[in-house]
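Each of the next two complexes has chain A plus one more chain, namely chain B in the first and chain C in the second.
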Partner chain A sequence: MINMIIDGKNVTAPKDTMLLEAIRGAGISVPTLCAHESVSRSGACRLCVVEIKKGNRTRIVTSCLYGVEEGLIVNTKSDRVKNVRRLVMELLLARCPESDLLQKMAKEMGIEAQPRFTPDTDKGTCILCRSCVRVCEEVVGVSAIGLFARGSRKTVGTPFMEQSDACIGCGACVYVCPTNHIVMTSTGEKRKIWGRNFKMQACSKCGKFFAPVDQLKFISKKTGTSMEDLAVCTECR
Partner chain B sequence: MKKTANFTAKTKAIVKKHGGDRSALIAVLQDIQETFNYLPKEAMNTVSTMMGIPASRVYEVATFYNAFSLNPRGKHIVKICVGTACHVRGASAIQDKFEQKLLIKPGETNQDQQFTLELVNCVGACALGPVVVIDTEYHGQMTMNKVDKIINEINKEGAQQ
Partner chain C sequence: MTKITTAQALRQVQEDLKKNFDPTKKLVTICAGTGCRGYGCIKVKEELEAEMKKQNMDVEVRATGCFGFCEKGPLVIIHPEKIFYQQVKIKDVPDIVSKTVANGEVLEKLLYRDPETKETVLKEEDVPFYKKQLRLVFGQNGMIDPTRIEDYLIIGGYTALAKTLSEMSPEGVISEVKKAGLRGRGGGGFAAGIKWEGSRRAHGSPKYVIANGDEGDPGAYMDRSLMEGNPHSIIEGMIIGAYAIGASEGYIYVRNEYPLAVLHLTMAISAAKEAGLLGKNILGTDFSFDIHINKGGGAFVCGESSALFASIEGRAGEPRAKYVHAVEKGLWDKPTVLNNVETWANVPLIISRGADWYNTIGTEGSKGTKIFSLVGKINNTGLIEVPMGMTLREIIHDMGGGIPNGRKFKAVQTGGPSGGCIPENLLDLPVDFDKLYEVGSMMGSGGMIVMDDKSCMVDVARYFLNFLQEESCGKCVPCREGVRRMREILDDICAGKGREGDVDLLEHISTGVADGSLCALGGSAPNPVLSTIKYFRDEYEAHIKDHRCPAGVCKALITYSIDAEKCTGCMLCSRVCSVGAIHGEKKRAHVIDDDTCTRCGACIESCKFDAILVK
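Moving on, here comes the complex of A and B:
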């Protein structure tokens, strides 16, 4: 076990965990957007910043990516942390003025949109955290989506912004998206995501539509399970 | 149809030349760009299947670097420097002249696919301003008359070949 001092409290955490888990384990809340249990950490949203002290030096780190260290002194509420977090939040608000979640988080943190940052109108509610791209590559394993171009033109999408053959319509990207930027509409036998329509499979027992046919085909190919076995929904299995 | 087959065949040869390792992706894309003057969609799809890199990753790399173009480009790339020094020495007049002569705006390619016009912010030859770089050749102290002369010369060379 590793011993640390977090906000003046003695905290112990298992080796090889991240600071974020140790802090939350001590009952201290830290705002995050991109840290998700299903995907690898990237430190993209930068809201989880904390101040650490080693020897005489202090510095700001993203707690979701910083491993626990013996004797570390962590401050999650110093003026410096609050300043950095406020600026990050102000910039996120300017990028996604329409995001309800960001509005709510900002309100809780007592932060208002700043007139000096002109709000974007073309970005939707995407904060470019790459979580959807990661889940598609790491968990689903199809890499159907990516982040294209760079700088202010960077956007999430499918190659050439066209309907993707690689996409299986599983909706993992929707599940993992912190700001609900990705739109998936389901109407019984059809599901639409990333501009493509997917035919849904009806359960051979209860008749409920439960997953896209393409997703079941993908699972069948990967695991060797027959399509007949997969055509039964999880509740009837 | 014939054009697509051509893209695929040439792309296959390029990928083979680089051994098909993932790390060679940028080199492969550079060679494709060299061959076709841009990255055709068919070529990128071929690269994706042959090298085993998801199409989304190939497209990410291709859109990240300014050196890659996804739209067809002309045989000759005309880069007009509009940096501070060249601007002061009349780069905008030179730009107007090129636009009139080639009948295109910056970022466009003319109809016979010979010229693509681009603006750059400094080519590091401020003493020669206004500077225009055509392919790899630097043309310093540009004037309106020189524009006509240079374009006519390139057209003449092209006709001879």
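Moving on, here comes the complex of A and C:
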């Protein structure tokens, strides 16, 4: 076990865990937007920053990516930490003024929108946390969506924003999106996501539409299970 | 070239080459860096060769790397007298050949003329631009043809490598580099020897060495000139570094916008391999090392180490958190040493001449020399190499020749877009890594952009923030959104829409962006804003409170008018005005229609009587 001092408290945490888990384990809350349990971490949102002290040197690190270290002194509420978190929230509120999640988090953190920033109208509620991109690559394994352009023009989407052949319509991206930015509409036999319509498979037993045919084909190819076996919904299996 | 298999054989090859190289022989060198190529130096070279043939003269015309004095290109030196000709044109060629080369007769009109004393200067080393320089790394550029490995061998090239492999242990190399106090020339100024040591000790195989040639600062081109002009010095440094840390593979990351650098590096690598200086069993030893060239797509952020690794690995050039250092987990998560091109080029010098000698140059915390690119409102645009600790005043006034058109110096931006603006009262600052940092700027890769009193510092900050906003990778929120919001506020201030409290807000955003960003691009992005607020706060106030741009740059805050006393009615301004905003009769004072005027400045440039007023 690793011993640390977090906000003045002695805290122990297992080796090879990240600071974020150690801090939360100690009952201290840390806001996050881009850390999702299903995917690897990227450190993009910067909300989880904390101030660490080693010897005489202090610095700001993202707790989601910084591994626990023996003797580390961690401050999760220093002025520098609060300043970064406030700025990040102000910037995200200006980017996605419509996001309910951001509104709620800001209220909890006692942060208001910065009136000097003109709110964006073209970003929807996408905060570019990239959870969708990572789940598509790391969990689903198709990399149908990605990030393109750079700087403030950075966007998530399918290549050239065209209908993607690689997309299997599984909706994992929708599931991990913290701000409900990705829209998926399902109407019985059809599902629409990322601008493409998917044909849904009806369960061979109960007749309920339960998954896109392309997703089942993908699973069949990967696992060797026949399409016939896969055409039974999870409830009837 | 036949394979050289021992250190002894290398010495023999160098000796043999030197025998054919008579320093008293006539030789014409012409700068063929990208700058001089832009001036048309290749045509001048061809013309020189044709003229030699015509006049039956057997004199070599050698296209070399960049001489540095880009302001005055094309540059030609006639050896052995070392007569320095500048701004040479094709029509000058017959005289150069028949008079100077054949008879040693000096053509006065092609010599450098001191703008103040009006006296001509005969030799390169006496030209004020070169006089105070110490061109240890960059100087050989002007002597060698970068496409010939033989030229590099004649000037003692690869001697340091031979010494390393035959006399030194890897630890010995590292301790020498540490003792020399070599600090990274790419920006951070981290001690190279410590980096190497960390990587040598790190577990993991293979290990990599990389040269960072992703030079992207506006106005900076010293790395390009080194890669173009003396590629073997970088390669030799990398091989020595690879031996020291135990690396078997190396990369040179160079922008694709540097085609000449790519070409010369490619030629140099293949020549070094052919000569047995690179590849398997270098100089007949057990040590093998190979170098690949990786052409970058031109993203500024790819100069950042982890983004550079991502780019080489074939992923988008985005930085990642560096809580585990690259010396342990770098390229493909293997121990990696990444140094700047110029850092590598310093290594052979340190090995062949020793750390004690290297320590005699520079300041206490910054040893050796540094190449700077001097651009902007400066008389002598070009590349200079000076010992660390030279003052900004010496660099800008003595070498740079001061500010053009008799204008006043206002500030110098060092360290590229993430550096800071240094004002006139700090001109006596000795330039080294620590001193620049103390005044809110940084060394960066060595760009120096000089500004005169016609430069608006708010506009300068806006320019750099705009650059950084474009070049931010967009991964983390503080950099992607914060830099954009800062630029929007600066846009407003320049457009006369600045609000009370904007300066404080800019400072507030700056601290959050600097603390919260993932990599050094965001971490240092607020520097241009913070340093201009620190030294030129009154200019911000003038924009916001008085709706006035003191330097007369921000179009929304200035009006053009004509001084009726000075105007002679020559009509020149009314002719150059593209929107027809200037009216008046011949020989009568003209007037500018403020509503039509776009403040493009064409009238100011055309007026010979200084009659256009900007307020």
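Criterion: the second predicted complex is superposed on the first by the 237 of 237 C-alpha atoms of A that agree within 3 Å, B and C clash if a C-alpha of one lies under 4 Å from a C-alpha of the other, contacts with A are read in each partner's own complex, and residues count from 1 in each chain.
FYI, a contact is a pair of C-beta atoms (placed from the backbone, for glycine too) under 8 Å apart; a residue touches a chain by one contact, two chains touch by 3 or more.
In this text the structure is predicted, and so the values were computed from the model without any measurement.
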item: Comparing the two partners chain B and chain C, which touches a greater set of residues in chain A; value: C
item: Which of chain B and chain C A:Ser29 touches, first, second, both or neither; value: neither
item: Contacts of A:Ala166 with chain B and chain C, given as first, second, both or neither; value: first
item: Which superposed partner A:Leu87 touches (first chain B, second chain C, both, neither); value: second
item: Which of chain B and chain C A:Thr234 touches, first, second, both or neither; value: neither
item: Partner chain in contact with A:Thr158 - chain B first, chain C second, else both or neither; value: first
item: Partner chain in contact with A:Ala144 - chain B first, chain C second, else both or neither; value: first
item: Touched partner set for A:Val49, first chain B, second chain C, both or neither; value: second
item: Which superposed partner A:Asn10 touches (first chain B, second chain C, both, neither); value: neither
item: Overlapping contact positions on chain A, where the chain C interface meets the chain B interface; value: 147, 149-150
item: Touch list for chain A against partner chain C, complex; value: 42-46, 49, 60-62, 65-67, 80, 83-84, 86-88, 91-92, 94-95, 116-118, 127-128, 130, 147, 149-154
item: Chain A partner contacts - residues on chain C that touch it in the complex; value: 299, 301, 316, 320-321, 323, 469-478, 480-482, 484-485, 488-489, 499, 501-502, 505, 508-509, 511-513, 515-518
item: Residues of chain A that touch chain B when the two form their complex; value: 133, 137, 142-150, 158-160, 164, 166
item: Chain B residues within the chain A interface of the complex; value: 41, 44, 54-60, 63-64
